[in-house]
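Structures follow.
Look for chain A in each of the two complexes below; its partner is chain B in the first and chain C in the second.
Now for the complex of A and B:
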């Protein structure tokens, strides 16, 4: 089976490499992209889409399909991580730490988690609580990181940024929470189910905005069909892109958290790094 | 004012240079983190403050706003960089890495 997989990888890789031989040279001024496409983007992007940031205009409007399936690919990555790694088996060994003294109780063979008072905390075998300095600083920084992530998503039309970047920053703030405290706090705050729903909902927002255009009489992903939903018909394309970027941001943030949680705890969702 | 800015930039450059030399020349893991943590933080602090002051040449509302933003960067770097160094050292201690001594080198 392994050998078969190796052959398939070699075959596909070889075909792809063979395909790249037909590409124009790197930075070739006579290539089709440089002679026709770039000029049109640079000259007409603003008047056609009303978005000052050409990169966003190209990614979310001219190449909307590409970005839509990129989002789907990221969703699939999260799904693959979940399906391959998630381990639902409950472990019987449990450890409780008495906070004031630091004594650790080891409970063998308990089906359910014991109900413990405030003085005890449920810990894992290899896990030591993080330092107070790290906890405090991360607690101060995380809200700022999250606000910055929302800014990057919302401001993607005007400055570098957009859904992917903002989503990654938001996801990294969740990961920082898991690193500085422990994984259980993150999982308790944001349930696994919520993360999964968010990842799917983000893709759905993108596809939904694209699909609404069709009953309005325009083609798939043609944001100008959304005129009746927005207050400012002049900027309808920019607002359509903003909606799409928000969907991308939600999906990427949720998938980042899913991938981190599943990899770091080997799918058990209990052990802090 | 320009002279002041140049002085600050030079001091920052000196800090960065010291940090780079320290990372290369210091023996052992923890001693290397020491210049990397302290001098980089100080260098970036001084240099960015110099830029903030340089930005105040025209005293308009926008330039003051930009200066405040630059000072925010200083604040966050000042907060996060020592914490990152601290967490690396903490991780090293927990993983059981011993600190460097002269005796150890001779062995």
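Now for the complex of A and C:
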């Protein structure tokens, strides 16, 4: 079987190499990829869309339809994680730590939960004494990471960036919170329901903005139909793109958190990493 | 502005997102949202089909940009037909599946319907699009959703089947993407018509050749052409019934559609058959697929697996027909795409009713089924006749076109394989019917003097209505197959 695999790999590799024989030269300015459509994008993108960043113009306008489905893919990944991993059964074993003495209680098969407060705190099975330095540094960092994420989303029109990147950065700040403290803090701060609604609503912002264009008499995703909703009709396409980028950002951030929480806690949302 | 082409795909997408919201607010709503979305989609598909028959190909510019710059939907007779098929089957399956979902996945119905809608959105998008990369993105959606679904039902074997499916599916999709990349190097465009125009003058380029081979291998892996079929039987038999009923008829058929679309619209017959002379090799491959699918189906003892291997066999029919390189073969392949989707759907509807009532569908669970579930079996028998190819069911007519195409092309081995596999299917189904009809079930109700009778235990009415309606449609489509060929398939083939 290994030998057979080796033969297949060699054949496919040979095929790929054979195909490169007829490639245009490396970096050739006259190659079809850099002349056929790229000229049109480079020459007209700014005047047609009022967005200085051509990549954003292609991503969110010329080929915005693809990007919409990419966002749907992200949503789908989050939903699949929830669907397959989420386990609503209560965990029977619980661990508590008596704060003043540091004694750890292991409660088995008990329906009644201990009151958590000044005396006792919840801990995970693989609990590590919390580190003051890590907690403090992360607590300081997280707000800045989140502001940076918002900046990346909002600035997508002008510089590399946009909804996906901003959303990932925002999501990672939530994951950092879960890692530096523990998962329960994150789950208590942002309810599962909120994350679920944000994931769907983020994509819905994108599809909704695109779909509103249809009753306005233009084709799907044609931002120019939105003129009456914005105060600056000249930049209507740029504003439309900003709108969909915000939607993407919300969806991606929520899905990042959903995937992380479900995977580390094996769907129980109680403890993990 | 005629927005129906976009609405076909957007309605289920919007419904999926609202159903995704409903998961957190009121779980029961998601079912009705799904029905609404698919009803709008089917209605739009019907409208579009009528428009296309009346006034020719529709082009729909996404975001208002002209074709090679932006993405366009390009709906001609072929994909108008497939779009109606997909949205119709998805809608009917949803109506039939309400009880199945309640039984199998009652605790997460909302997410199930959401994923179901996303899957259908993906299939519709793949069919409607006129853009090579957009097609890939939609393939990604259909694949991702089906991986999740396969892992959902059977807690023991589902995840493993899903993992195999993921590995092979991702390889298939990557091959396709790599092929598109190679084509992009030579053309700089992703629009199908535009790419076709550019490569018409580059028939001797090795890059285009490799792009073509990679795209085809990718699509073949995705449609489970033998010997790239290994993921299919497990994936389809371990997924929830409500999902396997829509994935089995549609996923492979949509990939056949993609193959035909690439062959006809992007590369062109001239390139494939006259420049490359690939016809013979691929028809041989298809012949082997037909025979292997049939033989492997004989070896199974679980009805789900039997039906899954029959799909492998049917894929061989369509690939062979499309690659015969003549009009009858292509007509047969396209007609069989329509017929096979309906036949498989009818079979799986019957299967779903059995699973709902019996739980397991190993062959020895099926004893006495004719007296226990007469209505389900009526639909199932009609569908089985159609798979075997008994006139006047629709399976007969597409096989007729395929066989006459094979004779025209001199591919007698393919014609022989078609006939042999029909015989194998006949043996298979009569084996099943024998168990269902002659062997009485072990849990007979005794009464009086040794007379025992069977209590009827039929599936719910909603499921029976749908399954018999679909089986009836097999006969209707069979009777009107001449009309379908004349109004849809021949004008399409002549228009290229």
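As a working rule, the second predicted complex is superposed on the first by the 237 of 273 C-alpha atoms of A that agree within 3 Å, B and C clash if a C-alpha of one lies under 4 Å from a C-alpha of the other, contacts with A are read in each partner's own complex, and residues count from 1 in each chain.
Keep in mind that, in the parts below, a residue touches a chain if its C-beta (ideal position, glycine included) is under 8 Å from a C-beta of that chain, and two chains touch if they have at least 3 such contacts.
This structure is a prediction, so every number in the text was calculated from the model and none was measured.
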Chain B and chain C placed together on chain A: clash or fit? fit
Q.
By the touch definition at the top of the document, which applies to A:203: first (chain B), second (chain C), both, or neither?
A. second
Considering only touches as defined above, state whether A:229 meets chain B (first), chain C (second), both or neither. neither
Between chain B and chain C, the one with more contact residues on chain A is chain C
Contact-wise, after the overlay, does A:120 reach chain B, chain C, both or neither (first, second, both, neither)?
neither
Task = For A:95, select first, second, both or neither according to whether it touches chain B, chain C, the two together, or no partner.
result = neither
So, does A:131 touch the first partner chain B, the second partner chain C, both, or neither?
first
| query | Given the touch rule stated above, what does A:23 touch, chain B (first), chain C (second), both, or neither? | reply | second
For chain B against chain C after superposition, the smallest C-alpha distance in Å amounts to 31
Footprint intersection on chain A (chain B / chain C) at none
Within their complex, chain A touches chain C through residues 15-16, 18-24, 31-38, 40-41, 61-66, 69-70, 72-73, 75-77, 79-80, 82-84, 86, 88, 193, 196-197, 199-201, 203-204, 207-208, 210-211, 214, 217-224
Listed in rising order, chain A residues that touch chain B in their complex are 128, 131, 133-134, 137-138, 140-141, 144
In the complex, the residues of chain B that touch chain A are 76, 79-80, 83, 86-87, 90, 94
The chain C residues in contact with chain A across the complex are 1, 3, 6-7, 10, 13-14, 16-18, 20-21, 23-24, 60-65, 68-71, 107-108, 111-112, 114-115, 118, 121, 125, 133-134, 137-138, 140-141, 144-145, 147-148, 151-152, 178, 182, 184-189, 198, 205-211, 213-214
